[in-house]
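Below, chain A partners chain B and then partners chain C, in two separate complexes.
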Partner chain A sequence: MTQPPSTARLSEAERVALVKRQKKRDKRTATALSVLGILGFLLLWQAIAASGLLSERFLASPLEIVGLFFVKLVDPSPDGAVLGVNILSSLTVALTGFGLAIVIGIPLGLLMGWYRAFDSFMRPVFEIIRPIPPVSWIPLTIVWLGIDLKAKAFIVFFAAFVPCLINAYTGIRQTNPVLINVAKTCGASNFTIFWKVGCPSAMTMVFAGIRVALGNSWATLVAAEMLAADSGLGYMIIMGRQFARADIVILGIAVIGVIGTLFVALLNVVENRVLGWKKQ
Partner chain B sequence: MPRTDLRHNDQARQGASSSMERRMSTPDSDIKVEVRNLTKYFGRLHVLDDISFNIKRGEFVCVVGPTGCGKTTFLNLLTRIYSPTRGDLFIDGESADPKKHNLAFVFQEPSAFPWLTVEKNLRFGLEIKKLAKDVIDERVEMIIKMLGLQDLRDRYPHQLSVSSEQRIIIGRAFAMHPDLLLMDEPYGQMDVKLRFFLEDEVIRLWQELGTTVVFITHNIEEAVYMAQRILILSTKPTTVKEEVVVDLPRPRRFDDPDFVAIRNYVTEKIKWW
Partner chain C sequence: MTRTHRFLTMVLCGMLTLTWACAGAFAADPAAEGAKTTFGLKPFAKKQVLRVGFFAGSPLSIPFYIADKEGFFKELNIELKYETFTNGPAMMEANANWDIAGCGLGGLLAGMVGYDIRVIGISDYEKNLALFVRPGSPLSKDMKNPDNWKGTTWLYPLGTTAQATLVAALKNVGLGLKDVKSINMDVASALTGFMGKQGDGLAVWNAIAFTADDKGFVRIADGRNLDVVAPCGTLATQTSLKEKKELLTTAYLVFHLTCQWIKANDANLKKAAQHFLESCQDEGIACTPSIAQRVMEWFAGPPLKKSIDIMTVATTDESGPYKGVPLTQAEREIFAGMDFFISQNKYSGEDKEKIIKNHLIDPAIAEAAKQVMQAQGLAAQ
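On to the complex of A and B.
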């Protein structure tokens, strides 16, 4: 009996190792550049603030913002809540809306994409609702639900729901028919194929959708809090404006930015778990 | 190690008394696949035209025909990926159904699951069939050894060369221990050495498991090397133009005058496509 070619195997292992090393080097360079970029940005900001080009009323320096951060941790003025309370308030709303959007939007999108009947049933309603920008729901939501957690979570939900659903739907629609046929010829039922072939192959698109949803929900949250809230980071920013406290506004923006970044990092970790096979 | 497993399988097969009875009671008991008046249109495109033939249980059949004549379509009909326009296909006397029959299909296109490792790809069909875990383990180990995939078991398909990926797909089909193995130009993009190796492996599997094999190829030499019978298809609308029985001893030799004669004969038949 002939042996399987061992030379091909060896060279393949070598090839993989080589690519891996190359990737590692690229990654290190990229990280170094990112850190440099951030440092550069902060330095420029500090320099502009220190130069007095803009009056202190309009632009606080990064160092001042860091100082204010610690002050604001315990000082409720001017908006009436300490930073921790504002952050918690915003996070609760965002995570409720975003979480619901994921839990409802993704399965719904996957099912709509897979099952024809379900698609015909849901699609018309969805097509009507889809183009409405989430912020335009805010007034109606205030009328219906007031300005409490429920109301804001609903708006955030809407903003996150649409990309979750669309991407799950499109993702599963793009399942390679050959792979479906492989499962079919193994004797798999339609649901098994949905679960074992459709869902995994939709995951790339699903994660892209979650990424958009995350950005949307964070942005919509701040908008909602600016219009209707009595605490939260958006509310803090608006109060900062009313009291002409540019430093409070900037602190609000910075905290929103940092939390957003943390979310994205967390999402990256999850995505690497699920879609790690692509990067290996 | 694989041998015990095979014997096991045989006993199981013989234990299935109901199918034995059916086999003995019908006069066509040695027929695995029956194709009856099979006609297929895609819209107005007439692909298959009233085709009828049988494939015997345990037979090795190669199908050759011009590109686009409907070879893949035929397999897709047999596995119910498509439905016939007219006529029908039967496996073991029943209307073909992949849920009922233990068949495996090696597709022409790359069809490894990109999100599964090599090993998990090999397990896929067996898990669908809900076999016991130790049976799956044993079969997968055997296939990994047979195809020399030890170093690649935790790799993902996109990290492999095209021919390695195709090895996985063939391994996945072998692991099913199918009683009907359908292969659609599986060795098209492989280097000669691997192709010869895998041709012998299919023959070995066929001999050991008693599998019925339908093997589609455009390589006439490959067909003569492997087949007991070659079906030569015409151009569209397609019919079976001729059947050639290849009655040569194995292992076959490419330079055997009889081999060359058959190869030349088949080549002659398809020359005016």
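On to the complex of A and C.
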């Protein structure tokens, strides 16, 4: 039986180098697997499209979608806007709603999680609002806020607000009591403990909430643009459906997916920067 | 109780049960009755189930519902199963769930181009495609002044006949869609938004248009005075045409004979309005008795003979884009609508070629109906 190479005789520097090499190899393997997964998915998609199992009107191949992507960069038909305008319009809606959810949801969750009285005051209202699907706000939103950006951002806000608040709330409630007691022993005020112990400790959960909120924001985009729109990725999908253009629908879905993935990657970078101290 | 008594009681009970069962069976089989049917059509010997793609809140599908409620289908041994939709594209996507359906021009085109669905009849001409503005707005005072149109914001479902209506009104003053701002909204949301002071104009249809009238908005133009022809159609899937041709033919006959029945007298029109109201209430669509009455008064579902002619009689234009090409009235009207969408880059010339090449405006059911009509001597107008 082959024994694994012994590390007992390695020097400290060699051991560190070995671990680094192993980590790099693991990272390379993970990256290769991810790329293979995506390639496999695209190949399967291409194979299904080429096999004729589904009519080409219902399932355009990945190559056709890539071709359409370039066409749509300059051609506004059938929805009346080029892809760049649609992306910009959707980004404005999604990021406004998402940004508002972060700015309002996270502080509210942290405060509710830390201050019992505030929690008792806010929680019943939140529990009533929480299960309401964002789409069901559409009729009231039209009446209250009209049909422009603020109305659409409001729908996205509701989808993103709940995970932001819940995760911030749960995160701060899970603060290690030992740390709180140490701070108390050192004479820190309740607000100082909240700010310097509770908030940093909740950050892992907060970022998890932001990640979910980001997904929800994009997921609600189509519904928000159903409210009223003259451009946007959701609008493009709706128009694709109106004119039985499955390729336009698939392109809209693919662009939403790719932008969502880019945002998640960006969020990972921010998370590593902000929570680097915690991971070390 | 003696044994004999018990035996006699059991025999009597058994006989009663048998009699009840037989009576039930015969009553459920109109073919066995040999009775006359309302329109003189021959009932099916076996019970048939017809799956109807039903457009809720619109008169274009309502003859199915009226015929069902009035028992015209039941007496022919046909049971209707409804699949309800509120927009054409969704109805087309779900075409596996229905045998016959009705929808507006937008849905017809999406169905033929995207899903190879066949138009087998013209079910209505939607004239209540209306443009509204607020009282006191410049357009309410003078709609012929192009300056009053420029830069206004319009709420309506893009890519539909509402858009064609707006374009027709703009064309009258020498303008185009680029001169106004269009916001895509479904008709119900558009009205809600307009009531909430959004936009400068509203383009809607049917019951929603009458609701806008009732809310006090000013109807500045509609399909009648703009001469917008918006044919609505009856569609069938390739599968149902293959497997249920006789049933589809009977349904076609009943549909158009019901159109005749609706317009036969005021009492029938009133009944039809009541059925329309019930149908809206069933589907959760806002409607009032007054709106239902007006919807049915505007309803233009062709009577049987006319409907057959629309689908089967080809004539040749002496001028225009189809000069020299023999076309039926249905083809001419649907292509005129499609040409508008092609001009807006929504469909292509190839899409139209496909419709022509594959005979997706299909006269087969209308021709079969004509044969039945002649054979059975139906009282068609």
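Basically, the second predicted complex is superposed on the first by the 251 of 280 C-alpha atoms of A that agree within 3 Å, B and C clash if a C-alpha of one lies under 4 Å from a C-alpha of the other, contacts with A are read in each partner's own complex, and residues count from 1 in each chain.
We take it that contacts are C-beta pairs under 8 Å (C-beta built on N, C-alpha and C of every residue); 3 or more make two chains touch, one makes a residue touch a chain.
Not measured: the values here are computed from a predicted model.
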Exercise. Is A:Phe41 contacted by the first partner chain B, the second partner chain C, both or neither?
Worked result: neither
For this session: Using the superposition on chain A described above, determine whether A:Phe118 touches chain B (first), chain C (second), both, or neither.
Result: neither
Exercise. Of the partners chain B and chain C, which touch A:Phe243 in the superposed model: first, second, both, neither?
Worked result: second
Exercise. Of the two partner chains, chain B (first) and chain C (second), which one does A:Thr185 touch, if any: first, second, both, or neither?
Worked result: first
Exercise. First (chain B), second (chain C), both or neither: which does A:Ile147 touch?
Worked result: second
For this session: Give one of first, second, both or neither to describe whether A:Phe70 is in contact with chain B, with chain C, with both, or with none.
Result: neither
Problem set entry | Of chain B and chain C, the chain that contacts the larger number of chain A residues | B
For this session: Return first, second, both or neither, reflecting whether A:Gly80 touches chain B, chain C, both chains, or no partner chain.
Result: second
Exercise. With the two structures laid over each other on chain A, which partner does A:Ser201 touch: chain B (first), chain C (second), both, or neither?
Worked result: first
For this session: Look at A:Ala229 in the shared chain and tell me whether it touches chain B only, chain C only, both, or neither; answer first, second, both or neither.
Result: second
Problem set entry | Residue ranges of chain A touching chain B (in the complex, touch as defined) | 1-6, 8-9, 12-13, 16, 178-179, 181-189, 192, 196-197, 200-201, 203, 275, 277-278, 280
Seminar exercise, completed: As the complex stands, chain A meets chain C at residues 57, 76-78, 80, 138-139, 142-143, 146-147, 226-230, 235, 238-239, 241-246
Problem set entry | Touching residues (chain side chain C, partner chain A) in the complex | 89-90, 92-93, 106, 109-111, 113-115, 155, 158-160, 181-186, 189-190, 192-193, 195-199, 341, 345-347
Problem set entry | In the complex with chain A, residue positions of chain B that touch it | 76, 79-81, 98-105, 107, 109-111, 113-117, 124-125, 128-129, 147-148, 151-152, 155-156, 158-161, 163-164, 167, 176, 182, 191, 193-194, 196-197, 200
